[in-house]
Amino acid sequence: MAAEVLIFNLLSAVAIVSAVAMITMRNPVHSAIALVLTFVNVAAIFIMLRAEFLAAVQIIVYTGAVLVLILFVLMLVNPDDLPEFHSGKPMQNVFGFGVGLILLAEISVAILTRTVVAEPGPWNEEGVAAAGGNIQVIGQLLYSGYVLPIQATALVLLAATIGALFLGRPDEDQEPSPKRRTVATISLAHTRGADDDLIPALRAANIKREAGDRDLIMARDADEFTTSAEEEEKKGQSE
Amino acid sequence: MDANLLSSYIFAVIVLNVLLGLMAYMTYIERKVMAAMQDRIGPNRTGPVGLLQPIADGLKLLVKEDIIPKHADRRIFLLAPLLSFVLAPVAAAVIPFGDSITVFGHEVNLYVADINVAVLYFLAIGSMGVFGIILGGYASANRYSLLGGLRAAAQVISYEIILGLSLIGVIILSGSLSLVEIVNQQSETLTIGPLQLPNWFILSQPLAFIIFLIAAVAETNRAPFDLPEAETELIGGFHTEYSGFRFSFFFLAEYISMIVISLFAATIFLGGTDGPIQDGVWWLALKACIFLFFYIWLRTTVPRFRYDQLMGLAWKVLLPLVLINILLTGFIRLWGLGML
Amino acid sequence: MNELMPEQFMFLSAALFIIGMVGVLTRRNVLVIFMCVELMLASVNIAFVGFAWEFSQMTGQIFALFVIAIAAAEAVIGLGIIMALTRQRDTVDINEVRELRQ
Amino acid sequence: MSSWLFLIPLLPLAAAVINFILGRWFLQHASQWLATLAVAGSFILSIPVFLEIVSDEQAISQHLYTWIPAGDFDIPVTLFVDQLTATMLLVVTGVGLLVHIYSIGYMHGDPGIYRFFSYLPLFVFSMLMLVMANNFLVLFVFWEAVGLCSFLLIGFWYRRRSAASAAKKAFIVNRVGDFGFGIGILLIFVTYGTIEYAGVFDMVGDASQTTITVIALLLFTGAIGKSAQLPLFVWLPDAMEGPTPVSALIHAATMVTAGIFVLARAYPVVSQSADAMMVISIVGIATAFVAATIAVTQYDIKKVVAYSTVSQLGFMAFAIGTGAWIAAIFHLVTHAFFKGLLFLGAGSVIHGMHEEQDMRKMGGLKKYMPITYWTFLIGAAANAGIIPLAGFWSKDEIILGTWLYDHTVIMVIAFITAFFTSLYMFRAVFMTFHGEERFNPDEVHPHESPRIMTIPLIVLAVFAATIGFIGFPPEDGWFHHFLINAFPGLTLPDVAWSTIFIFAGISTLIALSGLFIQYMAYVKKSISPAGIAGLLGPLYKLAANRWYLDEIYDVLIVRPLVAFSMFLWRFVDAQVIDGTVNGVATLVTYTSQQWRKAQTGLIANYVFAIALGAIIIIGAFMIFGSNLFQ
């Protein structure tokens, strides 16, 4: 049916032209609009290729969410003075287009010289219709053979959500948090916490141990042993 | 070109024109109802009981000067209202207005298209609709407009999710994304003892219905969720710089969206054309009118939300609720209690 | 040319992909580069769906679905990074961001 | 009962795990009740097990799971209780319970109490598993586990450097013995093809005499380490750095007896080798004698008790060596009670004296802490062998055994050691509780310990006084008839009453003479201990300096090791290894610096490189042919 080919070609042409427009537009907002056009055409092509569900998802996700987000960010980052630069170095452009052309040529050759070896599967138009439609078939396949990938995708989306929340959170106050006290104190209170001979020496020297090769006994904070020892002493006296 | 396609085209034209006419009088009805609620009279000078007021308004907007701000992004500025206005009625294509009837010997379906992804189609078109507002807000080169656009973007994306998820429950129960199929299922009668109930999804999905209602109001940027245009804060928001018939495009697009989403809600939750006696399009109209009245009622009653409240409502209240609803529905379906 | 040929969507896919790639190569605005990446992903989806159509398979469509899901995640993170970047550096010029060089 | 057997070790394990995980943040002091209740549960469960063994005279076992199923090498974890194990169960859980109760009072207010009360039940668990194992490998695993618990508990106050190094010392010294023990188990497996007790004992005669001797000696090596025999006993006195209840539980009542337990358990193997038995006897009696002489010269109350423990362990060892198997176990049981009592009593004294351990700064404490005094006195008298307390019956029986099995030399030395035992025990009693008060009354206010500490003392004292009667009359008591069924082939010697009376008379005489001498020395002051010390001169110095064993180890082992380590550090590590590593790093840094220049930081360049790569790869495929595009 020639109309089908015609429509396909038309859609393809619009998609390609608007894609080219996207990378040539100076204003990124215009680029985004061109991309919307491309995506809508891609969705239409999906319908032609018997992928109605994907077409709807393409519109909802890409145009409805991703591009709206991109526009959102475009407006948010620099609303008054959106950068007008196009591309900096001419050499970059030349190289870019050159590489693109070579790759296109290569892929074209690959496409034109290909030979089909695969056998057609069961999901032609009649097969899909018999199974209840495109969505039904995708649903059945997804939740029978692809349960694990679905779960993994769900995890990826969750991680992305959390990541976005993290990236988008307001800047924390710039003042540094108060430094943690790192000064160690010496436990004098509880004899169990220190060398037996350490105690009188410590008392005499007030803080430092005199001669000797052994380290001081460090406590994490001054009260680590003090309270318990006092309690014990009180208890001892009362008895 | 076969006859079926032709009849679809013809029907589409009819629906479009009816929608446009309805939309014009929707503004009138809104003003009247609001007036009644606020103990006023409302428009009553133009024509009998002010019935010609919408036409007068339309003419006024058409002949007004079309102002384009100097620093505006001209092309987008011109494009944006069109986008809004064109996309708004497109979603109505999938709404079934009844079964097929025979006109002049031809079988004519009372819907433009019965596609198997109708619900998704509706959501897709709805998500596209916001582009008009965003681009309009951007192109105006006005801070207020830009803020309005930004708000619209965030709000619509958030409530789009709620809207879509609230429909999942219905989809689980019906097992189809086709609206015609969904309506057909709802026209069955449910007998519980002495009770004869219609199998409307509002009965099996009450929570989803309420959430859908809230999300629909937000999706159409209507009060109390009209933050993108909040007159008191943003002096009109995205359409501050628009005037004349470009403004009217935005204005009309909003009303068309309201009507379409009301039709959609009536179709999904209230059985569409199904009614106690003599099924037909009038039942759909009646149900849609209830929704429209609800819209107006809401606007006169509830004050506007603050922006953080709006977002908090979507993400912290409605999203968990709607997920719970999906979970429960899934379990119910799993245990074979699908038909309420 | 009465039938839709498989080569058509392949060329479309290739063309869109290469346009996206050239865009990434030549543009400096990080957001435009981002859009180009999205375009490349979409072009790959065309190929997937197209091959699924050609061989009457569903695997291609399912794969495309996963691509879309991952692309959504990528978009969210990418835009988050861009937001953080502009907040810190106040620029969207990709050539200004050269910390990796140090 | 056998189906509930697993609960006995499980309860302490559960308590240990819960206390360890939740103790710090949630339980804190509540952890002590959890641990005590768990051990009490084990104790209560052990009683019906014991009674069942008594009535049925049949070993019971419960298979839990197979730990290592590897072909022939099949290691089950099976709980196994026979007469020997049942006895040990009661001792371990009983003394363990009392120590737990005592610790509640002793450890009160310690910030690490949850740690203490997770290590302690963990130890009880390990010890229970050790005694309930039915094969040598599981035994070895929990042998190491009790070693670990010992390490943790000795080093409990790890902020005190001496405690930390004592813990290390105990652990390392034990490794020496464990090494031999492990090889012994390997040899058992190689020789007999199994390491389950029953299988090994059945086939014990199949191996050559030399092999059996080697196995027995290797097993004894383990016992030397764990049970603190000469020459590896040096760790035990140092282990007194741990909290006193730990000393009581681990280093007196239970863990140190693990070595004796292993010898007793492997008795069917050990007894096959006369040479090995001879070695065990000699080492045992030497240990007993050396430790007793050291104990007489010590001033630290805990050290005295510690050396006393070493000495008593020596008694047990040579009892097994001479063939008095039942006497050894009997002494193990009585020793567990009176030595636990002595340690807890010493702990009570230390507690009352505000952490003072030096007996020279005590004296006259009798009136301040009467309960502690009387219980300590009972313990000391039991240890010294005063009739009719527990120690008398078991020790007398060991010495009787030496005579019965014709070891006259050992018997003589044993009598001398018994005399020293009496000497040091009553020296400790009199120095601590009698005579003038040598502490500064302004600084120290001795007081009796709280009731939660004295009740275990009283309970232990009752046992220390009466437990000996389970072995009455000697060589023919109830205990003997109970244990005789543990192994087939054990016989009770037929002893005439006259012999028993003679030995009992000599023992009592010796014990009383020790008591008398010390009474004269420290209470009446009619003998000067310093004078005697001067009289003995170098001999006294030798004993007071612990026979210079630590110094010998220092010169022979520690210093060469340190020197070698220094060489490894200064030259091998610092120069060779670090030099290599740094050299490689420098090389990599330099190369990276050069490559860095390729990293422009421009995304476009990177993408360009990717695209070029794609072109090259696709081009290569197309030129050289591939089925990728076909």
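Labels for the chains are A, B, C and D, by order of writing; each one numbers its residues from 1.
Following the convention adopted for this analysis, contacts are C-beta pairs under 8 Å (C-beta built on N, C-alpha and C of every residue); 3 or more make two chains touch, one makes a residue touch a chain.
These numbers come from a predicted model, not from an experiment.
Peer 1: In contact with chain A and with chain B at once: which chains are those? Just list them.
Peer 2: Chains in contact with chain A as well as chain B: not a single one.
Peer 1: Could you name the chain whose Cα mean is nearest to the mean of all protein Cα atoms here?
Peer 2: Smallest offset from the overall C-alpha mean is found for A.
Peer 1: A-D or C-D: which has the larger count of contacting C-beta pairs?
Peer 2: Top pair by contacting C-beta pairs is A-D.
Peer 1: Between chain A and chain D, tell me the centre distance in angstrom, where each centre is the average of that chain's C-alpha atoms.
Peer 2: The computed centroid separation for chain A versus chain D comes out at 57 Å.
Peer 1: Counting in whole Å, what is the centre-to-centre distance of chain B and chain D, each centre being its mean C-alpha position?
Peer 2: Inter-chain centre distance comes to 83 Å.
Peer 1: How many angstrom between the C-alpha centroids of chain C and chain B?
Peer 2: Using C-alpha averages as centres, the distance is 32 Å.
Peer 1: I'd like the Å distance between the centres of chain C and chain D, where a centre is the mean of that chain's Cα atoms.
Peer 2: Roughly 70 Å, centre to centre.
Peer 1: Residues of chain B that contact two or more other chains, please.
Peer 2: In chain B, no residue touches at least two other chains, as defined above.
Peer 1: What are the residue numbers in chain D that touch two or more other chains?
Peer 2: If we look for residues of chain D contacting two or more partner chains, we find 604, 608, 611.
Peer 1: Please output the residue numbers of chain C that touch at least 2 other chains, ranges allowed.
Peer 2: If we look for residues of chain C contacting two or more partner chains, we find 21, 25-26, 95.
Peer 1: Mind listing each pair of touching chains for me?
Peer 2: Those chain pairs which touch are A-B, A-C, A-D, C-D.
Peer 1: Within their complex, state which residues of chain C touch chain A.
Peer 2: On the chain C side, the touching residues are 1-4, 7-12, 14-16, 18-23, 25-29, 31-32, 34-36, 38-39, 42, 45-46, 49-50, 52-53, 55-58, 61-62, 64-66, 68-77, 79-84, 86-87, 91-93, 95.
Peer 1: Show which residues of chain B lie in contact with chain A when the two form their complex.
Peer 2: Counting only chain B, the residues touching chain A are 73, 75-76, 79, 115-117, 120-121, 123-124, 126-128, 130-131, 134-135, 137-138, 143, 146, 149-150, 153-154, 156-157, 160, 164, 177.
Peer 1: Given the complex with chain C, which residues does chain A contribute to the contact?
Peer 2: By the definition above, chain A touches chain C via 1-2, 4-5, 8-9, 12, 15-16, 19-20, 22-23, 28, 31-32, 35, 38-39, 42, 45-46, 48-51, 53-54, 57-58, 61-62, 65-67, 69-70, 73-74, 76-78, 83, 85-88, 92-93, 95-97, 99-100, 103-104, 107-108, 111-112, 118-124, 127, 134, 137-138, 141-142, 146, 149, 153, 156-157, 159-161, 163-164, 166-168, 171.
Peer 1: Mind pulling up the chain D residues that touch chain A in the complex?
Peer 2: So the residues of chain D touching chain A come out as 108-111, 157, 159-162, 354-355, 445, 447-448, 450, 604, 608, 611-612, 614-615, 618-619, 622, 629-630.
Peer 1: Which residues of chain D touch chain C once you look at their complex with the stated criterion?
Peer 2: 596, 599-604, 607-608, 611
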